[in-house]
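In the two complexes below, chain A is the common chain; its partner is chain B in one and chain C in the other.
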Partner chain A sequence: MEQHIVKLTDAENQLADLLQAAGAADAKAALTEHGLPHRRIEEYHYTDLRTLLRDVPAELAKANDDLPSEQFNGFSRVVIVNGKLVHADAIDGVEIKSVDVAKKVGDDQIINLMDGFAQSQIEISISKSLNKPIHIAQVHAGADSVAASKLKVTSADGVEATIIETFEGQNDRGLRFADCAMDVAANSNLLHLQLDQNATGARQFVQNCYDLHEKANLRTFVTHANFQLGRTDVKAEFKGEGAHADFAGLTLLMDKQHGDFTLNVNHAVPNTTSTESFKSIVRDRAKAIFQGKIIVAPDAQKTDAQMMSQGLLLSERAEVLVKPELEIFADDVLCAHGATCGELDADALFYLMSRGIPRAEAESMLIKAFLAELFDEIEDEQIHAKLENRVDAWLAATE
Partner chain B sequence: MTTPILEIKNLHVKVEDEDKQILKGVDLTLPAGEVHAIMGRNGSGKSTLSYVLAGKEGYEVTEGQVLFMGEDLLEMGADERAAAGLFLAFQYPIEIPGVATMTFLKAALNAQRKTRGEEELKIPDFMKLVKDAANQLEINQDMLKRPLNVGFSGGEKKRAEILQMALMQPSLCVLDETDSGLDIDALKVVSDGVNHLRDANRSMLVITHYQRLLNYIVPDRVHVFSDGRVVESGDRELALELEKKGYAEFDGTAA
Partner chain C sequence: MAAVKETIDQVKEIDVDKYKYGFKTDIEMDMAPKGLNEDIVRFISAKKDEPEWMLEWRLEAFRRWQQMEEPSWARVNYPKIDFQDLYYYAAPKSTPGPKSLDEVDPELLETYKKLGIPLSEQAVLAGVEGARVAVDAVFDSVSVVTTFKDELAKAGVIFCSISEAVKEHPELVKKYLGSVVPTSDNFYATLNAAVFSDGSFVYIPKGVRCPMELSTYFRINEEKTGQFERTLIIADEGSYVSYLEGCTAPMRDENQLHAAVVELVTLDDAEIKYSTVQNWYPGDKDGKGGIYNFVTKRGDCRGKNSKISWTQVETGSAITWKYPSCILRGDNSQGEFYSIAISNGHQQVDSGTKMIHLGKNTSSRIISKGISAGVSQNTYRGQVSAHAKATGARNFTQCDSLLIGDRCGAHTVPYIESRNASAVFEHEATTSKISDDQMFYCQQRGLNEEEAVALIVNGFVREVLQHLPMEFMAESQKLIGISLEGSVG
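Moving on to the complex of A and B:
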């Protein structure tokens, strides 16, 4: 018989102790039994956490309600520090409260850690259309500490809302988890953005789960740029006919950064549509991973899912790894996935330079051209400008 | 004697990382204010010469020298050459999706000005400059709203090249088959545009397969190019002779 005893790494032992301290005995037992996800676990094949998470913080983050964080002019504001709700503007038609977490344990040890470390769940219910976005500043306070937040957003029938989360903090070498579940009600229209702005050495794991009801419309946009190691797991389930969702992501990585987008989009009912568009730019020895799985259930006829992943390699040793998967069990569907990966076009670069544009500027122009349509869907000027500034700052940092 | 705009001396060029020698001893002197034509068979190395002049990577100069207004051209980067006044109108202009034509023109003009230590153009001045030049070349303003060269017809691309040339006011214009892909009327418009730029301080190297272009842009000299070298030079009559007799007479392949 095969032996199933795993020899835990120091990091795994450390995490197990921290789970104990956080009162998550079941998660601890699961981690002790299975260890962290590694490359033989399909979903983590390219993100082997036994090697990537070798040293972990020794303590849990202590709440600190007094940290400066990102500001958006005129947006409603919610501040979550180390998973605890510390501030919420009064917003007409929105109820925000913090409840206890019902801890449960599943197969994915990262999700178990996420649940295990979270001390409360922050629930945001939106019963009226919002005339301004809600900005949720997710602050991780404390270098070398572990923090987890858990968010649940529900919208009422027909509601329109924009939610922008910023993952920020003084969390060098820190380990943070963020879980977000969104229930997108029938006929409602939600835009969900997540901008990462962690300290350089931070490690971040995010799970976004979406339930889409009849005629719901969802757009998501996530950035992967500011962390040492980051993974965003997207799990979407179409539960009502006529629903549509656009999933988009931007990856900008350098040095030895490692970013992983893993999508699981389940078209479980007929007549639903989705697009998945992810662009990655990597340089130095950075690694960007995109795994996108689209499932079309047997009776989910008329599903239309269009997945596209594009990578731009700016250095020889940078990598973009793409794994698209279509599992289609219905026959009358339109599904496609495409992936491109390449370097900057040398002919285009020469053309621009031959007109007097210096190399660095010419490269920037082509990089921005590569990103061209990605921000088109984001109408809010402030958010749009913020994203463009992000790209500019990234380009400036690498010149 | 004043310094020629361009002096190419015994230029040998091969493809980098390959054994393929393309230019095998080009000699050519282009005095200020003159227009010289280069004619030659397909594959004889005309475009390669134009790329090497403009500073494209991927070629290795194995022998020889190129002086641009007395300066060593080969030492300069492609962008520096442009700022110093060299312009190549591409045989096949590159389409660049995602870069708006106007954004590109402004970036290029300002980059050149910056390298030369001049001030940036003010937006209204820039707009007017482009508008006037476009009108002269009968270029539709709508075309300028599109991404650079994307979806332009063959002829539109060539016009756009000459538009850029008119805006940049270079000292040396290298036109690589600017006439190919142009209809008869367009040929006239584009040639007028080029002639308009003829100037005592500006020289042009006009690569073409067709003597017809030289009826419009009348050259001071014509060079016959074969197998990576200039094999014959003469006045404008040489082009007519070439058209009559074919290349074989000139490159020693005649039976």
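Moving on to the complex of A and C:
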């Protein structure tokens, strides 16, 4: 039986009022009944939002036309500010429009908040292969506020496309939600990246849902680095045989940052394959969480799923909390998961230092080597360079 | 090859009757009234002639239990248990406290003979030359006999039933009982604290290496009876003991409840090796009947350089809910968990371990092999955590699952929590089926399908079997063969 929360926290009351203001009465009712997810709810075991989300902005984000700073040369550009579509380049074969949101209420209160606060859904349909990536700048502008965006991407049969989202914001104690649903059509090939560039105090909740159809190919890459509290929920379902997906994530956290990757990959049909590869580096008192679940449905024979999560702890009080789950109902499958965590290898460090490399430099060499394979998969030079710069900046900030 | 031959013989042997321990013993029983309330707790305590403090301890637990809810997080499904529809105490009627084997009801001796458990001190386990094992035999709610007591006493080892220990060694019981698994630890442990009827108590004094293996043999016989045994093993500084546990029950249509608590304590430089072969009645082929095995087992490496090692072979029970754990409190302490969990038919297993690293330079190792066949569900659920002060903690975990047939499930739910940078944790898990290549290779060399499966499975679990004491190894190999019988195709 669901445990009823006796008393709502101030933050929960505040969110309930904001939901009311956003016209989401059902989500409000659900929140007042259940409260925010807490550690007794298995999906939020390590991210207890009743304690982590104690203060909530007092108002909803207003419409704003501020344009973002992040630029990618030669990419098509779409700008979403506070959940509202404010700019979209004309792209051959791509239709972009904004529609009303049909609000639904489910068991997960965070998803309810996401839906409750979203005022419109931006739909991007890709009908032919793109010769340049689409950059979607998701901006949270204005004073401390609550914002939510909802994105739906559909691809036509056989399409190839790269979509890179950047989450930007100057708003220091902001709370943002971003929902992205992608329908990866048969034979299509999509690459989806999400880079977070929030202000240091921001709180962010992201949900990415993917439906994979016959022989579809999907690659995703998400970073967790710039926020106070962040959670990305990935939900993927294989709906057609022969589909393949690679999920990857990079976590770089310090101070008291808290980052949570929760992954649910459902191999519902036979002959599908996936890899999951997540790396975290934490220092100070930061916490990196990875919960990955691979489900192989009955009759989903010949599934091959390989999950790996690796954590590197650079400070005494940093934490890496990992839960890699397998749920398997078919016998002719190959499933494996591995998880490691530890500090930098003292022998390797000694080896480098004995050759005259200063400690800090030796450490960053080893850290980069630890991350190298994650970046190998990303072919676009501009994105590749941006990611490497980010790692350099993070390392510089922590020296 | 020898082991395989044995397995196959065993499979043939049980062709007609799959679960060979399914007989029941007709013996006059002394029962408590059905149901559970404070009076039943008092009744059990009075039956055991317990001191006041023990009764208070039980009542406290019972009051807490009434406030608790049955846990629902495990991946097992069963109809709600009516805790008022059970007998909480059942003991064979006999002369009070048999002094020697001659005074024990012959019907009981016959039962243990059928089970292959030597209660006579001259007897040795079949096939193992020269091995002597002291046995504490628990029949429903009471310990009927403990063998080799005198010889053990010479070494200073205390091995007796827990009810006896409450009376004879209250200072030890008071000090350690509930110190590893607190009374209100979880729903079933609390229930156990309130109504536990018997179990074994072991104390190994400083510097003593226990001269023989100790073992407990649990037998549930009576209908609608819950068995709630409590085992407490204390290894004082520098001592060592190896302890074996076996269990069986008759075949009955309804489900029976077994909720035990096992507490282990090792002080400085001490070691406990605890091995279990769990072969409760698993229910029939339609999933009717069988034991609900809801067990809390935990070891506390309290002293530095101490070690606790759990080895388990789980083949029985309709439902298993069991997580033998180690709290690595002492510096340099070690925890080990070796497990083979086999589920067939409609069995549901949710088992694993917890390794809680608290002290410095503690290490742990987990090897878990799950085999699911039929329409069973087999879950490994484990936790490895390093506390912020557990500098130099080290864990290696390997959990492999093997699926036989396409209607069963194998699941892995590990929690890995590192709160110390110098802790090094490694975890690997794989799931696979017996490959056609392996089968082809074996069959091409003249083995039939069932023999080939037995060979491959024995290879799969070898790593764990090696950690079992001699006496159990042979038995376990046979059990694996039996459990998987009829699972091919």
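To be clear about the criterion, the second predicted complex is superposed on the first by the 394 of 399 C-alpha atoms of A that agree within 3 Å, B and C clash if a C-alpha of one lies under 4 Å from a C-alpha of the other, contacts with A are read in each partner's own complex, and residues count from 1 in each chain.
FYI, contacts are C-beta pairs under 8 Å (C-beta built on N, C-alpha and C of every residue); 3 or more make two chains touch, one makes a residue touch a chain.
What you see is a predicted model, and the numbers here were worked out from it, not measured in a lab.
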Of chain C and chain B, partner touching more chain A residues: C
First (chain B), second (chain C), both or neither touched by A:372: first
Which superposed partner A:125 touches (first chain B, second chain C, both, neither): neither
First (chain B), second (chain C), both or neither touched by A:358: first
Which superposed partner A:350 touches (first chain B, second chain C, both, neither): first
Overlapping contact positions on chain A, where the chain C interface meets the chain B interface: none
Interfacial residue positions of chain A with respect to chain B in the complex: 345-348, 350-359, 361-362, 365-366, 368-372
Chain C-touching residues of chain A, taken from the complex the two chains share: 1, 42, 45, 298-299, 301, 311, 313-343
In the complex with chain A, residue positions of chain B that touch it: 54-58, 77-79, 81-83, 88, 90, 93-94, 96-99, 103-104, 107-109, 111-112, 115, 147, 164, 168
Chain A contact footprint on chain C (complex, rising order): 69, 73, 388, 401, 403-433
